[in-house]
Structure formats: structure tokens, C-alpha cells
Amino acid sequence: MNTFGKNVRISLFGESHGPCLGITIDGLPAGYTLNIEKIYEGLARRKGLPEISTPRREKDEFQIVSGYFENHTTGAPLSILISNQDFDSSPYEYGVIRPGHADYPLYKKFHGNHDYLGGGHSSGRLTAPLIILGCICEELLNQKGIFIASRIKSIRNIQDKPLDYNQIDLDLLLSLKKMAFPAIDQRAQNLMMSTIKKVSSLGDSVGGTIQTFVFGCPVGLGEPFFNSVESYLSHLMFSIPGVKALEFGDGFSGTESLGSKQNDQIESHLGVVKFLSNHAGGINGGITNGNTIVFTVGVKPPSSIKKPQTTINVITDTNITKQITGKHDPCIVHRVLPVVEALTAFAIFDLWLENQYG
Amino acid sequence: MNTFGKNVRISLFGESHGPCLGITIDGLPAGYTLNIEKIYEGLARRKGLPEISTPRREKDEFQIVSGYFENHTTGAPLSILISNQDFDSSPYEYGVIRPGHADYPLYKKFHGNHDYLGGGHSSGRLTAPLIILGCICEELLNQKGIFIASRIKSIRNIQDKPLDYNQIDLDLLLSLKKMAFPAIDQRAQNLMMSTIKKVSSLGDSVGGTIQTFVFGCPVGLGEPFFNSVESYLSHLMFSIPGVKALEFGDGFSGTESLGSKQNDQIESHLGVVKFLSNHAGGINGGITNGNTIVFTVGVKPPSSIKKPQTTINVITDTNITKQITGKHDPCIVHRVLPVVEALTAFAIFDLWLENQYG
Amino acid sequence: MNTFGKNVRISLFGESHGPCLGITIDGLPAGYTLNIEKIYEGLARRKGLPEISTPRREKDEFQIVSGYFENHTTGAPLSILISNQDFDSSPYEYGVIRPGHADYPLYKKFHGNHDYLGGGHSSGRLTAPLIILGCICEELLNQKGIFIASRIKSIRNIQDKPLDYNQIDLDLLLSLKKMAFPAIDQRAQNLMMSTIKKVSSLGDSVGGTIQTFVFGCPVGLGEPFFNSVESYLSHLMFSIPGVKALEFGDGFSGTESLGSKQNDQIESHLGVVKFLSNHAGGINGGITNGNTIVFTVGVKPPSSIKKPQTTINVITDTNITKQITGKHDPCIVHRVLPVVEALTAFAIFDLWLENQYG
Amino acid sequence: MNTFGKNVRISLFGESHGPCLGITIDGLPAGYTLNIEKIYEGLARRKGLPEISTPRREKDEFQIVSGYFENHTTGAPLSILISNQDFDSSPYEYGVIRPGHADYPLYKKFHGNHDYLGGGHSSGRLTAPLIILGCICEELLNQKGIFIASRIKSIRNIQDKPLDYNQIDLDLLLSLKKMAFPAIDQRAQNLMMSTIKKVSSLGDSVGGTIQTFVFGCPVGLGEPFFNSVESYLSHLMFSIPGVKALEFGDGFSGTESLGSKQNDQIESHLGVVKFLSNHAGGINGGITNGNTIVFTVGVKPPSSIKKPQTTINVITDTNITKQITGKHDPCIVHRVLPVVEALTAFAIFDLWLENQYG
């Protein structure tokens, strides 16, 4: 199941150490001109920051091989390739299971036939083509007045400042978009960065949370049962490597509250409906209510660490101690953030299309 | 999108105050005899406990109308109806938006044509047919050595006792299955129950969390990208009314930890692979690793409360104060729990089928 | 796979001798009032003509159990049940394979667990709910200026008169809709009817062809590759019991012609595009070209005949001679005709919805 | 909708004059080694015969870019690119509608944004990647004892010799596979070839029919309603450019027969079931019955002819006379034949997988 989407359908392929990665996007409107510059900016964001990210330096040059003609989409499937250039397969050994990675499940699932170099098809590298998808969908949404941005809500136990979800405006979103490491509180941001560096220096890794906002979403996106906005977004969020948790609006903390405090009460002024709070994160009964969509994604610490770990070689069936070498990230939260936005843009655009007929 | 599933496909229909609800299940193995008694037990669990649940008392009598012949499935679609009998539509008024419910999005999405009685198609009543689905799938999984059970992990701020996810055994699961209100710590359970009663007496409502375990799952279920086990389960969990949060394994708390502590290290003894911990909740890279699957679902406080709330009448475009009347639950955590198990059973069974060829 | 459709999704269930048949239709526009009278007319057409059709006399009373509220669709799944009343299971014996029927494949596919009474889920009876679907979609298409009608093109070797597919107009379609046995040439019609009666009197059965026209279809429906109009229509046509052949426009006879004669040349008068012929049946490269869609469906002689046939009992593994008893049709062409129209209406409506965004 | 398939999912992309075409195949078994030689043979077959086919001479060199590692499939999506090299865009003019082609529908559907060079995404060139898909699926089927072959049944009005569908054996299939222009009757074959040459010399084009056989198919493939074998195969056949007709078994001629002659009677000898005829083409009620599957595809004369034709320029809205230039085929029947086999192999393999669980 490497295809997804209803009105826009995507098909993803490639491996970390293969010749190229790619995505085929089917169902985009014809006549749309890609914003190439914006796509390269998006790809650059995904690469992270030099001081706290992997030294693997891919140029992420992409080639559009179909569905694009005289600088616009044609209505046929848009297929885009990104080449892999800067990889080193030498640290990977067949049969050696890296704790926390998919090595063991993949070995069993595919009877030893999986590409184990750099995680193969399960690598975070696969998220690069998703960025291209996201840039396209985000621009199409922007044209409809829908905007998406995110902040780093926490790194380890360091939290960005609390926000009232009912006070989020477009200015906040636009300012977040400009930050390389978008925590709102400058002091928290510094602490987060120094934490990552410190953990990295110890050969360890660290996780965090991302909070995403969708501003300007019309009322009525999403379907009552199996395609609630939450279902659709969650399906995509949990396909991102490293994501282990997700909550909408107040989420888990809302479960400790009371109905009288969680219910977002409503007022109308001259026909303009206004919610008095936004604990629901802009979604009631699985359908958007017109308020800003808010959700938070939990990203685990990356599994590739330099510290020695107990593990096995499944070929020789021996217990071994493994120290991961190669190019790795001590933290991927800031690199996952644009991927979360990309898949959010895709999800919202697909749901938006669904509402165009009827 | 009221259909879902790849190898087993389900189609759900009905409304809270309509003549009946139903589900069509396509793709079940032929020759299977339904455990009618178990299904009625499941439906009874979903009704909750008399002292803390809605006084709406449906018998949940169901009729199998197709796909069942001489007491076994035929291979054709199994279609089952549950009649609605004990409902009172008088408290529902067209155009009056109940805060926290889907009323407003539904009104806008369907241009005022939705069935607004008791939440219509968006009602939690729709989960009754899902229980039947779950009982079938769970029994089929049990035959393969796969077992599912859940506990109430918290009600409001009252937590059940901490568990080591690497120590979960079949005995624990079987004991949870026997409890009407399955918190492990008896004292916590009492506190939870009394909290619900107290909140109820104040005309308010309360939320909580459910933790679900899948024991005996083979290695290799789930697909690398868009159909990771987490994606597939989350899609279904977030289609359950009231669910606003979900985490796998350590989830959000794992984001505060380090890679060296989160990675589940591995040992092998005579070819038997054993994990030294289970922070990942039995899933690596979206694929089951053979350890117990663990995930936690956050359920918000029910939106129907007796306290007065500010809201609107969208027809008259006036601001009003609304006190919800009718039969309602002060807490649905214990009623959502069997639905979580039901959809988990369906998801795991569908993924299990996927692995049978190839 | 008893579900189908992209923008409107249908799920079909039921058996010939079960309590009821049903269909769930998801994705219809909200606020539509069913034309109950028209639906009963459609169901009556499917019953055939007393003198040449099965004496099984079902009332085809249907009940709408969900998705319908205060006489309009709500946007939630519309689920409709039709009860079975007039059936006699006594002529059916488990293990006795009726030549030409699905008995043998079903027995093997479902390991002997299929419902063998009256063909079970594979019965033509399942087309009754499809008529309801078709009536709804056809009325919605009529509102957009799209009309569907069919003629009986042949019964056995008796052909209705030839038509120029470029001269088909709305008047022809409307007149066909009014006929109980719609062959255009009255003399051919009489011959067809008498042929059916004669074959019936000999205990045998006879086939024929149906030609269907879709008038007023906009240019641009259908997708270039796997969802060409022809692909989509054919998928549905070949799901109708008894259909074994299908051709678009000139079809097989066009393969004996030349490109210079098959190509439909084009003229434009003041911006109005006009084709000089319609050999392509209104479809170029899988996409509608605005001309009338024309296709022809071949329906085999019904398999249930009174003549003795050589067959087997798969349980006892013996060769037997079987004479089919019970209520059967000597010809189903005129009964399949409204089903062809129904699924055509569904297909065109679904493809029409697809073109509404983008 | 350029994706298709349930258990194996394919995604097709590319244009006739773009840099490359490609296909992504998801769901193949891991550990399979591609038969590269066989694939090149398949691609060579699709190119046709020098004396009667287009002089466009593509090398059809392909590159596997993902899902393939150390000479075997990995279980991840297999993505393959074929480069375009020998094309000349000069004969194509924007806005000039070529009669019989998809130009006009594409222009309208995509609001003038389609790639019009060489038919763009609607070109028969897109079938090259499908050949690769077919070669893979066919080899996997061969390993299970299932074989596919085809003959050219007719070119224009010249028919190959009649066959008894109940006498088709593996020898016949293997001999057809070895022929460059597989008509069984040598004299008919010569006449067909000379007809094509003669028509070509007149600047015209000619059609014909292809008859395909699937030998060794197990009983029970296909689903009762919307995924009958006939539905699934027809969906794919009608996605092949130029296909306008399809019949299974006796097809249209069977509609002129009687039930007593069309029903395939059955005998069993020591538990081995044998049909006394094969009018149904190996399919009863949409499900394979174990007999050889037989179906016939009608291919229209190619639309690109040198004779002058009346048509329009949609940009200038003028009527023009057009003579098609460039490299074109006077007949594509023999080139469509391997594509029919390829998509048949894919369909049967996908349906075969469906039957592996349950």
C-alpha cells in the first residue's frame, strides 16, 4: 500500500541508497505551474540545520518526468524523481538488526529480501518526494485562503510557550513559516537547540513534539465515519517514520478535563459564527467546524545512536553488541515538521476536493 | 466514505433514531459459525454500566439478512441489522447547535439536510454494529493465537497503575476481559467510578484514556508507507466518536526520553527472539515486531451535559443558552473500550489476511 | 468485492431466497427527494412481461432504512432493503450442479459453504436493488440534460432495424422508455416475442442483445487509462448475470472496416462542434466526445432450461441427468435491459461527479 | 485514475514525447528475480513487424529504479522507467483535432492543458511499461501452471480458422507464443499480412480481433458481483487504446443460440470434473470454472491515416482538411496482442492472489 488518496492519488517509490526516489501524483488540476523555488525551499527545510542534522548532504535535485508540459500540469499523472547521490552503504551489514529500526520486521515480512541499506524503502529519505507533493498542495490551498504552519512544541522536556488555540491568527502562521527552528519562545528555542547538541555529543538522540495549525479551513471537510478529518490526517501522520503519537486540540490533556470546559461554546454576530474556545482543535464529530485545526505529533528519538546496544544477527542467530556508525541525526523533530505540513496540505486538499461536488 | 477495509470490507449505515442500523461485511472466510452469545456479550459491554451510563436501554437485537446460511458464513456479504427501539426525539430541535457535537459542521456540510435527531448518522449508536464486526474478527484471531484486551488507563486525572509493556501476558488480557470496568488497580477503579458519579451529579461529564493490548501478533503485519499498523489502526480509532488522541507504546512520554532508552534492544535464545523492553509498543517502522502491541486512546468528556451553555440557533441566527436534556452518559470511556477492541480486531484481521499471500 | 464506485459508492448484499436484498449507496447529494413512483416503475420493468417471464411474482416492496429523513437524502449512506417473499427452495438440491450456472465455481470457491438456493448471492434477483440505484442516478442525470434509453437489438437471430448512431435524438430515447419490449421495428418485435414463446414451449431458452444510448453527455467524462468510460461501463456491465459480450459504437463490425470509414470526422459551425458520424459510440480515447454514447450488450440464453442435461453431483461424485424445475425465464434480455440502464446511469453519474472539481 | 489493482497495485505515468514512461508495481512477492531477457522479448513483440508497423524505432531500454536489490524484488514498490528517444514532435499542431483520436475530449477535459504531442499520456506508447508488468505476472503464473497465449482471430474480414474452445491445450498455446504474427491458419495469416500491406499502401488503416486463452486457471477466481473475472478483465482490456469490443466464450454468437446448446454440460470421472463444451469461455457466473478462459477483443483500425479528413482547429474555430503525417501503423492488432496478454496476466495474477487467503 504505497498508494494513497481519493481525489488526488499518490504513489511513492524508492530506497535510501537506490538511484532515485519518486512520487507519482494523479488528480491534480490541469494548468497549474509548479513553484519550483518554493519546492526547493521546502526540500531545504527538510534537510534540517547543519549544526544539529545528519552530515549526509543530498542536493535533492528533482526531475519532472511526466504530467508537465510547457510549464504547467496537463491533467495526466505528474511523476517526479529525486536522485540519491551522497550515501555510503558500507556501515550496513545484512542480518544485523539495529534496535528501534524496522530491520527485524522487514527481514521477517519479506523473508530476507528487503533492501537493508540505510533502511531501504522504510528510510526517512522517502519523505523528500512528499515535500514536493506538499508544496504543490499547500500553494493550491493558499489560493483558497487556507494556510498551514507548525511549531516545535517541545524537545525532550523543554516546552515552547502555551498557546490559546482560539487566538491563532494568520500572522502567527506566517511568522512560523519564516523560522528555521520554529519555537515561538526564543529562550525555549535556544534551550532546545543546546539540548540536541548536548545529547548528540553523548552519542544519543532525542525526541519532541510538533504542533500544526491549519488556518482558514472551510466548515464541512471530512466524512462522518471512516474518513473523519482526524482519521485521514492520522493515517498520513503515522506513516511518517518516527511518529508515535498524535492528538487533536486538547487531546490527552482534554481527557482530564470536564465536558463543561471542553465544549467549545458558540456565538453568532450578524451571521458570523464564532467559537468561544478551541479545545476541539477545529474538528467536531470528525468534520471541520471552521475554527483553526490544531494537532500535535509526537516524534520519538531517532533510533540510530552511537552508544553500544545489545542486538542480534538474524543470519548467524547470535547476540551481538552494536554501535551504529554512519551519518545520522541526533534529533529529527525539525526535519519531520515540514513533512507533517506536507502531508497535512495533501490531506486537506484531498478533502477539500471531495466537497466540491454535491 | 462509510466503507473501509482492504481484504475485509465493511460498509456502515444507520442513524440514532432511524428504524435500524446495519453493517455489511464482505470478505470473511466462508464456513464460519457466528458466536451469537459472544456477540450479545459484546453488545452488552458497549451498553455500559447502569449506574454510570445512559438510561437509553436498547435491546440491540440483531438480524442477519444475508451471507449466512445453515449457521455459517457463505462467502457472500454478511449483512446485519440492529433495530432502534428506545429513543425519544422530542429533545432535539432543528437548527439548535449543541456545543461539542457535530451539529454545526453537519448542518453546513449537508446544507441543512442532515438527520439531526440524536446526532443522526454521527451518533455513537453507530458503534453497535461495529461491535458485531469486532466479535467476529476477534474470534477468528483467537483461533490464530492472537488476543486483544484493554484497560481503562485513566478517568479524569485518576490513573490506573503503571505497567511494563514488556511484561504483558495472556493472563492479564484474559482477566481484563472479565471485568465490567477493567482498571487493574482496584482502588483506582473505585475512584474512577466515584468520580464519574460525582461529575454526573453536577450535570457535567468526564473523559479518560483506554489502553489496548494485542498479544500474539506475528512479526511482519503492516506496510512500510501508507498502511503502517499505526496508520491503519489510527484511521479506525479516530473514526470512533469522542476519540481525540492516540499514542503507540511510550507515545508522548517517549518523546521526552532518549534514543538509548527508547530503543528496544534484542536478544536471541536458541532462535527465539526476545525484546528487552517494549517502548515501541510492538511496532517498528510501522510493522509489527512480534512483541505485544500497546496503544492508548484518549476519549474526551461527552459533549451532552446538563449545564447551561452558550450556543446558536442557525436557522434564526440567534444566540441562545442551551441545557441538554434527554438520556446521556456522563462518561463513555468504558463504553468506547469495547469499540476500540472491535476495530482493533478488524484492523489486525485485515492486516493478517494481507500477509497470507506472497 | 461487492462494493463499487468512486464518488458514489455502492455496497450490495442479499440472496435469492434470503429474507431480503439490499443496497447501501454512499455519496449521493443531500436534499434529494426520491421519486418513489419512478422506482416502482423501474422495478416493474425488471419483472418482465407476464407472458414471457418467470412466474415468480415478487412485489419488490422496499424499505429505506437509513440516509433518508423528512423525505430527502441526508448525505449519510442511503440503505434500502427489498424483501423476498415468493420463492420456493424445494427444487434446489445441494451438490447438484446446474449446467451454465455458477454452482460449480461457487462450490469450489467457498468450499461448499455457499447458499445454493436459487443461485444465492449470484442470482439475478440481486439486480432488483440496482434498479433503485439506477432510478436515483438517472433522475439526477436527467436534471443535467443527460438521458439514457435502450432497445432490444436482437433476440436470437432476429434483428431490430439498423440505426445511424449519429441520428439518435431525445425523441427516440423517450419513445423507447415507454415501450414494454422496446424494439423499434414493430414487426421485429412481434417476431422476437413469438420466438421467445416458441423456445419456451420447447423447454429451452434464448438470448439476445441490448443497445443502450446516453444522450446529452458532456465532453470529457472518463479518465485516460484505467478508468476510461469504456472500462468503467464494462466493469459494471459484466457484473450483470448473463452478460457475455460488449461493444462500443461499431464494435466488432468496426474491426472489419477501414480507418477512413471508422474515424468520425468533425465540423464546427459558429463554435458548435458536430461529428459527421458516430462509429466510435461517443467515446474517443476512453473519454466522451459529446456525441451520443452507444454500446451493445450480449446476453446469453438463461441457463435454467427444462430439457434434460448431463451434469454431476459433486457430493456423491456421480454423473446425473438433470431437468431444471421451478420458476424460470425463457429469455432475460428484456429484464436485463433496465439493469443495463441502471448501471449505466450509476456509471455516468459517478464519472460526472468526478469532473465537477478540477 | 492511473492506478489499478487490488493485491498488486500499478501506477502508470508518462507521455509519448516525454523523457520517459514508467510504471510502479506494488505488492509483488519479495525474492523474485526478473527475467530480463523475457521482458526484452515482450517489448520487442509489442514493436510489431518491420514491414507492417510504424518506423518509430524505440530501443525500449528500461531502468529499474526501486524495489529491486541484488537481483530480486524486495517487497517494496518496483518502479521501472523506459526512455523515449525516437520521436518527432514536428507533425503535431496544438488545436488541430485528429479524427478518431482523443484530441478533442482531452482538449475539453483538461481545458487545453493536455500534452498533445503524439497523443501525450493517451498514446499507445504507454503500453510499453504494461508489457514489463505482464512479463512478470505471466512468469509468476507459469510457475503455478497457468499459461496465457493469443491468436489473431481476424484482420478486416479475414478470419483465422474456427476453434473448439474445449479442445485448447498447452501445445497450442506454446506454439502461438512462438509466432510473430500468430494466426493458426497459415493461409489466413498470409492474407492478413497482405491485406495490411495493401491498406497501408492506400494510406488507410485496418482493424481486427484478438482471441486470448488462459490455460490451467484454477476453479474459483473472481468475485460474484462487481469483481467478476469478466468485469476485471474487461476493465483492463478497455483501457488499451484501440479496443472497442470484447466477448467471452461464444459471446455475441452465443446470443443467437439456445440455452440447451450454450450450457456447458459436465461429467466427472474418478473425481475429475470435465466439461463437454466450453461455450462459456471458462467462466460461470463471473467465476472461473477450471476450463480454459477464452475471450475475444476487437481492435479498431488506427485513427492516424494519410487520407485527407475533415476536422477542426479548436483554437481558431475553423474547419480544415487534415492529412496525418509522421510515423504510424496501418494496423495495430499484432501490437495490441502482447498488451492484451500482459493485462490478462496481471488480472489473473491479482485474482489468484485474492484466493490465497480464506
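Order as written gives the chain letters A, B, C and D; numbering starts at 1 within each chain.
Rule of thumb we're sticking to: contacts are C-beta pairs under 8 Å (C-beta built on N, C-alpha and C of every residue); 3 or more make two chains touch, one makes a residue touch a chain.
Computed from a predicted structure; not experimentally measured.
Centroid distances from chain D, each centroid being the mean of CA atoms, peak for B. A comparison of the B-C and A-C interfaces places the larger number of contacting C-beta pairs at B-C.
With centres defined as mean CA coordinates, chain D is found 26 Å away from chain C.
Taking the mean of the C-alpha atoms as each chain's centre, chain B and chain C sit 40 Å apart. Taking each chain's centre as the average of its CA atoms, chain A and chain C sit 46 Å apart. In chain C, the residues that touch at least two other chains are 1-3, 6, 12, 30, 75-76, 106, 109, 121, 224.
Within the complex formed with chain B, the chain D residues making contact are 6-7, 27, 29-30, 75-76, 224, 353, 356-358. On the chain A side of its complex with chain D, the touching residues are 1-3, 9, 11-15, 18-22, 24, 26, 30-31, 63, 65-67, 69, 72-79, 81, 106, 109-115, 117, 120-121.
Taken in their complex, chain D has these residues touching chain C: 1-4, 6, 12, 97, 99-106, 108-109, 119, 121-122, 126, 154, 156-157, 199, 204-209, 219-220, 222-228, 230-232, 234-239, 241, 243-252, 254-260, 262-268, 271, 273, 276, 280-281, 284-290, 298-305, 307, 309-312, 314, 317-319, 355.
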